[in-house]
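Have a look at the structure that comes next, please.
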Amino acid sequence: MTENANTAKPIKSRITFISRSAPYGNNRANLCLDMALACAVFEQDVNYVFLDDGIYQLLKGQDGAAIQNKTLGNALETLALYGIENVYVDQQSLKARGIDAAELLPSMQLIENDAVSKLIENSDTVFNL
Amino acid sequence: MSCLHTINRSPDSKLLESCLKVINADDAILFIEDGVYHCFSLSNLPSIIETVKLYGLREDMLARATLSKTMDRVEVIDTARFVELSCEHDKVVSWF
Amino acid sequence: MKFSIVIYAAPYSTESAATALRFAETLIQQGHVLYRLFFFGDGVHNASKLTVVAQDEINLQLQWSKLIEEHDIDSVICVSSALRRGVLDQTEAERHELGTASAYESSEVAGLGQLIDAALHSDRVVNFG
Amino acid sequence: MTENANTAKPIKSRITFISRSAPYGNNRANLCLDMALACAVFEQDVNYVFLDDGIYQLLKGQDGAAIQNKTLGNALETLALYGIENVYVDQQSLKARGIDAAELLPSMQLIENDAVSKLIENSDTVFNL
Amino acid sequence: MSCLHTINRSPDSKLLESCLKVINADDAILFIEDGVYHCFSLSNLPSIIETVKLYGLREDMLARATLSKTMDRVEVIDTARFVELSCEHDKVVSWF
Amino acid sequence: MKFSIVIYAAPYSTESAATALRFAETLIQQGHVLYRLFFFGDGVHNASKLTVVAQDEINLQLQWSKLIEEHDIDSVICVSSALRRGVLDQTEAERHELGTASAYESSEVAGLGQLIDAALHSDRVVNFG
């Protein structure tokens, strides 16, 4: 790649992923994760937010093998390995579903609705599924 | 003429509400797939009449790590028992 | 007992097809009869033989086909759903000059009459979608 | 067809279709109608129930052409032509959506929830989408 | 940095509720596909703050015969205007 | 302005692909640039060329292909979504010995990097699912 091609590229872009679907019942959680991991490989500035039913993805002790699936929870633990450190969980979604933060995978930052608004506001692109 | 109803989406869907509108007292409900998230939420279950038997599919609970959070009122079953229940009831109505 | 199973959902995108497969396998194990499988709407994608699945993932289409052949099950893909989704048997592929069949030979392309027939001749019709 | 084959067939079966989805946004309303029409051709005893968002299918004045679609409302008007006369609308679903019976296609019988329960109870098979 | 939100499912989904939780005061909502059924239901609209502009897609309303039932607060637009709105706002967030 | 469009839904099963097509056509008519179409998840079915659609119905796959060719649009089918759904270009079909291509040649099979690239080089990314 020439230097010109490099400089023609925009600087880092802020991309926010909002993952709103429960795992296993459909493939939206997987699609969202795949997009974010690709994004991280390209060294973009990534936020990953679990909202609504998306918070079910974070329950500890999942075992996808019971339904011949890969365990999504394990895949989510690799987010940090890919350099995605801004991983947020919407507190209101937890509360509405009777889930305690202690039941979740580690390294999740609990935030409020208005913080999610801010993340969206400050992003260049939002993928929301 | 009792009926086994299956529900396969989370409480964010309106599936259980729809089902409850038209359920009969000797029917049963089986929660499968994302439907198993109903089994620990108190929000919907109280409105189910006492005579309606509740089941949840173990395989789906194991995958989702919800087994330990499941309420006592829900009987946890496997697919073999799902087939048996389909025979024991006169028909199966799927809500999806 | 005689069962028929109707599948409305494509594999992978939702869990329904996988649940239906487990249900089908189980009822056969228990000695019940599977009178007919009927793939309808997006469900016809379960009969596609063009799919390439990663080695560590379940190949639902192949598993359906194996189950059907092993137990000589009458398996029907709804013709109107199948044509508009590109799931074609040899006859349809030739008629429309679209190369070779994209559907497993273990399933037959036919009309909704087969679904009604299934309802009439089965003790239980179970729907997965 | 021999007489034996005829007598081997079960007598009329009671099949109830519950159509719960709005038109156009997805194809569930169409799938449900296709099944019922096939059923009527086979001269079965058919009930057709509009429940929940399904009642939106009955609004007068639809024009599918605006989104390059066939107009579902027109197709529903053919139910009677196919001999499907037991067409019911759940009154509670109408009320919840602020729709007046006068806004609906003609020949619909308004019923209450418990009447829907009865239809389900007295059916041999229920298709519900 | 204002945002155009699109919503494409009926009020039986929880899409609008989710969107409203995270919307900003200068954002806009466009109802498309089955989302247009929100435009005559009073149930959800009152909780939308006054500053949020509401749009509905005419083509989808015509198909569904809901144009005449649409509330005044919702501005009815066509796809051409949908594209313009996508330009006028800094980004589009789709709820589906 | 430069747009990119991401399509997550199969044609016919939901309205989303049709809405996306109208949006794409309209933005081009207005003189905007369509930097990239990205078909993801079930959206890859929009690029299938094996489909047979009734004469009085819209053939969305063909319309996409025409639009792409007419305006020389960069159109990408996500490779991991496409393989498991049997939407294959010539290269993949030959590699896996699955006969001829099932995807229109107007689209290219490629990875998620093309989606991230689209996000970086477009003023607006619009998602339809």
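Labels A, B, C, D, E and F are assigned to the chains in the order they are written; within every chain, residues are numbered from 1.
Note that in this section contacts are C-beta pairs under 8 Å (C-beta built on N, C-alpha and C of every residue); 3 or more make two chains touch, one makes a residue touch a chain.
Keep in mind that what you see is a predicted model, and the values were worked out from it rather than measured.
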Legend entry - Co-neighbours of subunit F and subunit D - touch as defined: C, E
Legend entry - Required steps from subunit C to subunit E (each step between touching chains, minimum): 2
Legend entry - Maximum centroid distance from subunit D, chain identifier (CA atoms): A
Legend entry - Pair of chains whose C-beta contact count is the highest in the structure: C-F
Inset, instruction - Look at both sides of the subunit C and subunit F contact and report whether the same residue positions are involved, with over half shared, or different ones. - result: same
Legend entry - Centroid comparison with subunit F (C-alpha atoms), farthest chain: B
Legend entry - Whole-Å separation of chain centres (CA-atom averages), subunit A against subunit C: 34
Inset, instruction - Could you grab the centroid distance between subunit D and subunit E? Build each centroid from C-alpha atoms only and quote it in angstrom. - result: 30
Legend entry - Interchain centroid distance [CA atoms averaged], subunit E/subunit F, Å: 25
Legend entry - Sequence positions of subunit E contacting 2 or more other chains: 8, 12, 14, 33-34, 59-60, 91, 94, 96
Legend entry - In subunit F, residues with contacts to at least two other chains: 8, 12-15, 19, 22, 41, 57, 125, 127, 129
Legend entry - Shared-contact residues (touching 2 or more other chains) in subunit D: 24-27, 52, 67, 69, 124-125, 128-129
Inset, instruction - Enumerate the contact residues on subunit A facing subunit F in the complex. - result: 9-10, 13, 15, 27-28, 31, 34-35, 38-39, 41-42, 44, 124-125, 127-129
Legend entry - Sites on subunit C touched by subunit A in the complex: 12-15, 18-19, 22, 56-58
Inset, instruction - In the complex, go through subunit A and note every residue touching subunit C. - result: 24-27, 67-70
Legend entry - Touching residues (chain side subunit B, partner subunit A) in the complex: 8-10, 12, 33-34, 37, 40-42, 58-60, 62-66, 68
Inset, instruction - Going by the contact rule at the top, pick out the subunit F residues touching subunit A in the complex. - result: 6, 8, 40-41, 80, 111-113, 115-117, 119-121, 125, 127, 129
